[in-house]
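These are the structures in question, set out in turn.
In the two complexes below, subunit A is the common chain; its partner is subunit B in one and subunit C in the other.
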Partner chain A sequence: MENYKRKREKQRVKIRAKYEIIGFISSGTYGRVYKARPREGPPIELAIKKFKPEREGEARPSTGISQSACREIGLCRELHHENIVELCEVVMDDNAIHMVMDYAEFDLLSIMQHHTHHLRKPLSELVVKSILWQLLNGVAYLHANFILQRDLKPANIMITSSGVVKVGDMGLARVFRRPFQTLYNGDKVVVTVWYRAPELLLGSRHYTTAIDMWSVGCIFAEMLALRPIFKGEEVKMEKKQIPFQRGQVNKIIEVLGTPAKDQWPSIELMPDFQHMKQFRHYANALKTWYTNTGHKSEAGFQLLSSMLEYDPERRSSASDAMEHPYFMEEPRPVKHPFLEQNISYPKRRLTLDELCDAKPPPHPKMHPDSSMPGSSNVNTVS
Partner chain B sequence: MAANYWESSQFQRFMLTRFELAELDSMHMLQLTSREITHIKIYFSSLVLRIGKRLRARQEIVATALVYFKRFYINNTFYDLDPYLMTATCLYLACKVEENPHHIKQIWSESKAAFAEVSPDIRFPYDVPDIAECESYLLEEMKFYLVVYHPYQVLLDVSEQIKLPKPSLQAAWSIINDSYQTDAIFVYPPHVIAVAAMFLSRVVDQGSQSDVEAQQWFADLNVDITDVLQVVSDLLVLYGLWNTYSEEKMPELVYRYIADIAASN
Partner chain C sequence: DDKDLPSTYEALAEWLFAVEQKYSLGLECGMARHPELSSRMRPILVDWLMEVSTDYRMHRQTLHLTVQYLDRFLANTDLQVEPSMLQCYGTACLSIAMKAEEQRAPSLSELTDFSKDAFTRDQLKQAEIDVLAALDWHLAVPTLFEFLCLVFQRAAVQFPSRFADPTRP
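Coming up: the complex of A and B.
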């Protein structure tokens, strides 16, 4: 191995020799994300995701690349679509893996928060529709390629300064074609709880692309209301036992009504179906919920209902949803909604850390999103 | 990607022409005969398979590991990095990528056991962190392109479509396994290899020749038949060389080869 090591070290290019690190964007369990630009070539903006070395301070790796980094890199390397974050290259430096990716100025969570806290007005229908359509376009591409995203939520929907959607964070994504074992066995808990489909909440061992479509439905609703439609209290895991998410299920049935057998014929076969008896009966109130958001389009309501179908088999697919009459209605979706409507949002705030090339300012400010709920609470158990 | 081979990194970045492959093989000609080169390919394929069996890894995982192994040694030699360590590492990474992860300790112990089973002459002085370190080199060498397409899925899809009898399916499946002892997967798209395997399996399995539907399917096929025949011919050459292959002699040959490269450096 020594011979190869010497050979490799001669070829290796240092990440900071090739890219200028402009600022630190955010961090998570996986590591840290930076904004950067190449030192040579066109002056484009990039994001660099630096994975934490396995164990800080250890001279040698002990178990190699993590399953989630392996998934994210392996899949992103093959995915090329205008609505999916593009992975430009992967660099090994300082014993850490660096993913060099497209940079997006915003994410959907920060945009919605700006509307809630600063503008105090809803997203325009054109923006909602354009973002939704592009999101569906990206998700349809993933599904056509037999990939489940499994963690769709506003914080993972990147948006460029002109309003182009880039689905990001593929750390939980996986290929679902001919799985060797049930998907459940691979990862016991998937999708952030507010965006988690009812079949997952009821412990389904097998699931399909419909789980991503439920999340898309929740995101659509959130863009309309500027708050999560099903904002349940998460039950924390204890002693490695996966808890029944009572609060989340309750939030869903308050809006969509108690699921009836004719709506979801296989509901009684769900492993955690017995828990359904503990809830009181609710009627479907989605129409009222929708009207209260102030939106009037009947087609919009129909589309939302079709994505929030209880029965995963009846839930709309991404490609069907893209053909929905809602998108034929005025205003029609556009590719660059922010340009079209001359909207500008405040840029991502950057801070500086030891990796950055610039000198730190006297009073560094935290990224406004880093303390918000739902922005970094992926629940994975492997 | 999983749906479209033509957009894959495998097709766009890792394909070689037969000429390029011959060039690569010729680089070893100073130390090895062409027969020995093939024997070494057979040897390491069988080692990966052996460890794979111990792990009960399914065939696609073994196949992915073999592709990684080959990719690594396109620009490197056995002297640069010990092929036994690389064998274990390729399987470790392939298990992760194919969503059937095994603990690194298990990979290490099963590899060690498999090598000991083959010959006491195989030296495996490595520990668990060596596999982890080796994995990082493998990833870098492959520029982190990890997804590999195989002929198995094509075979399953087609066999369902033309109702291929089970014995023919099994025969074709085994022939695809054998194809990883050749470099077919680096030259031809997976469906060409699958068709070649089905073609060859029908020659072997005379019993189902009357199956009109399958004959019609072959007749209607829109695949370059010269490619298919080339794969078939490479397989037949491989089968011919099986007679002269002797596993016991391989550890010595491999070490002699590594020593020769070291001496010429």
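Coming up: the complex of A and C.
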């Protein structure tokens, strides 16, 4: 029995014995994220996601190890790709589980906000193209491994200081290895509303990798315009009923036009199709929208249109999009766009909490809080 | 003739084989590493796990994952599992599989009730940690069930007449 206990103790490495916690980055329903570095070995920077430990005497009866930790770690464990945040280690101490991951200095949201509020100029075409290509590369890898990310948005696209994209936050991700398996789950929704695909907005139970590609299309558009392309007002959930997102659908058809039957033959089969009658008719205005952003590449417009196809079956896949002529035309995408163009952004702002070891150097506040609809109000979904 | 099969079937089959190879134990189930366990304990435990899975109306995949976790735990753990703790570890595997696969996982006390208090909540909580450490968090590993789904879907496409009538032998 003594032997038993000793072996167990070995498994429980205290997180702070192994890592120096430099500062607190952000928090959500799952727990808190910290910046850290290992106490031994090369001086690299890491991110540590600490899942909320279960507190004794909580109203809900204890379910042991957190379900969101099992989901997220279980998925990330098999993923190794240069454009996906790497899970380096899982550390369990006393009550909490920690994911030790690659650290990225920026995320796409903070970079775009810095351009909007401080630089007051758009992202260069080289940067847009390089980020988009790497994002597609990461998403193509997830899809090839039968994983849907289900929450792609600028805040979840991590970017290193040289400009390498790392798709992060797999908290809502799901494997889809069994064809025909429904991914629908009662009162739960997936994807932050501005980036949510039309088939999801119309209540589809069976959805595919195309939902991630819609989000990528929205992110591409947002990089071009520095504002969300479909910034709909979210209808809040009431009485555990998923509401119809009228405002969001309206924003989409204002730009892309009312979907015609030949554009999306199965639209009439969507559970919430009847809601489509309440909108007035719009013509497709994406070309005008694109021209107004000041971008001229016809190939860029074609690529954007192919990712914002209404019909999920016709929407471009990530691997097809990577082969698009847009990426063959000058400027060609590069791996380290910030390095190449000598761009630097203010570093991530850190604060301190009781877990932190040291006082971080003061950084100017990078951006005011945005009014982004978060996915933090989304419950764990299956 | 494969031309009617969606291309994802091929890709999925290939992917499942590749991932399975990394973790598969073959016919080994790890019982032999634990001198105090006898080989007949595994079927008894699996029978009981099947019963629990029926009561919870669990998806088939969840049961298959549970048994796979159990075998891989027994094959990889540094701990010596005593007979009195085997059911506790089996339940921990079930609890983890439910968290990975089902919408909701039952509470620890529900699970101890199910086992008629053969172990305590704290023991179960510790067992979950022991299992996850032994599995090294590799939880999304293909199961027999996933291969069977694939085989039947292929067969249904290739021999539609045989699968048209579910009552036909």
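Criterion: the second predicted complex is superposed on the first by the 334 of 382 C-alpha atoms of A that agree within 3 Å, B and C clash if a C-alpha of one lies under 4 Å from a C-alpha of the other, contacts with A are read in each partner's own complex, and residues count from 1 in each chain.
The rule we apply is simple: a residue touches a chain if its C-beta (ideal position, glycine included) is under 8 Å from a C-beta of that chain, and two chains touch if they have at least 3 such contacts.
Only a predicted model underlies this, so the values are computations on that prediction, with no experimental measurement involved.
Shared-chain residue A:Ala104: touches no atom of subunit B or subunit C. In the superposition on chain A, A:His80 makes contact with subunit B only, not with subunit C. Using the contact criterion defined above for the overlaid structures, shared-chain residue A:Ile48 touches neither subunit B nor subunit C, since it reaches no partner. Of the two partner chains placed by superposition, A:Val139 touches none, neither subunit B nor subunit C. Contacts of A:Arg174 after superposition on the shared chain: subunit B is touched, whereas subunit C is not. In the superposition on chain A, subunit A positions 3-4, 7-8, 60-65, 67, 70, 73-75, 77-78, 90, 92, 144-146, 175, 177-180, 186 are in contact with subunit B in one complex as well as with subunit C in the other. Those residues of subunit A that touch subunit B in the shared complex are 1, 3-5, 7-8, 12, 60-65, 67, 70, 73-75, 77-80, 89-90, 92, 95, 97, 144-147, 174-175, 177-181, 186.
Per the touch definition, subunit A reaches subunit C in the complex via residues 3-4, 7-8, 11, 60-65, 67, 70-71, 73-75, 77-78, 90, 92, 144-146, 175, 177-180, 185-186, 381-382. Listed in rising order, the residues of subunit C touching subunit A in the complex are 6, 8-9, 11-12, 15-16, 19, 61, 78-80, 92, 95-96, 99-100, 102-103, 105-110, 121, 124-126, 128-130, 132-133, 136-140, 142, 146, 149, 153.
Across the interface of their complex, subunit A is touched by residues 1-4, 7-9, 58, 76, 79-82, 85, 92-93, 96-101, 104, 128-137, 139-141, 143-147, 153 of subunit B.
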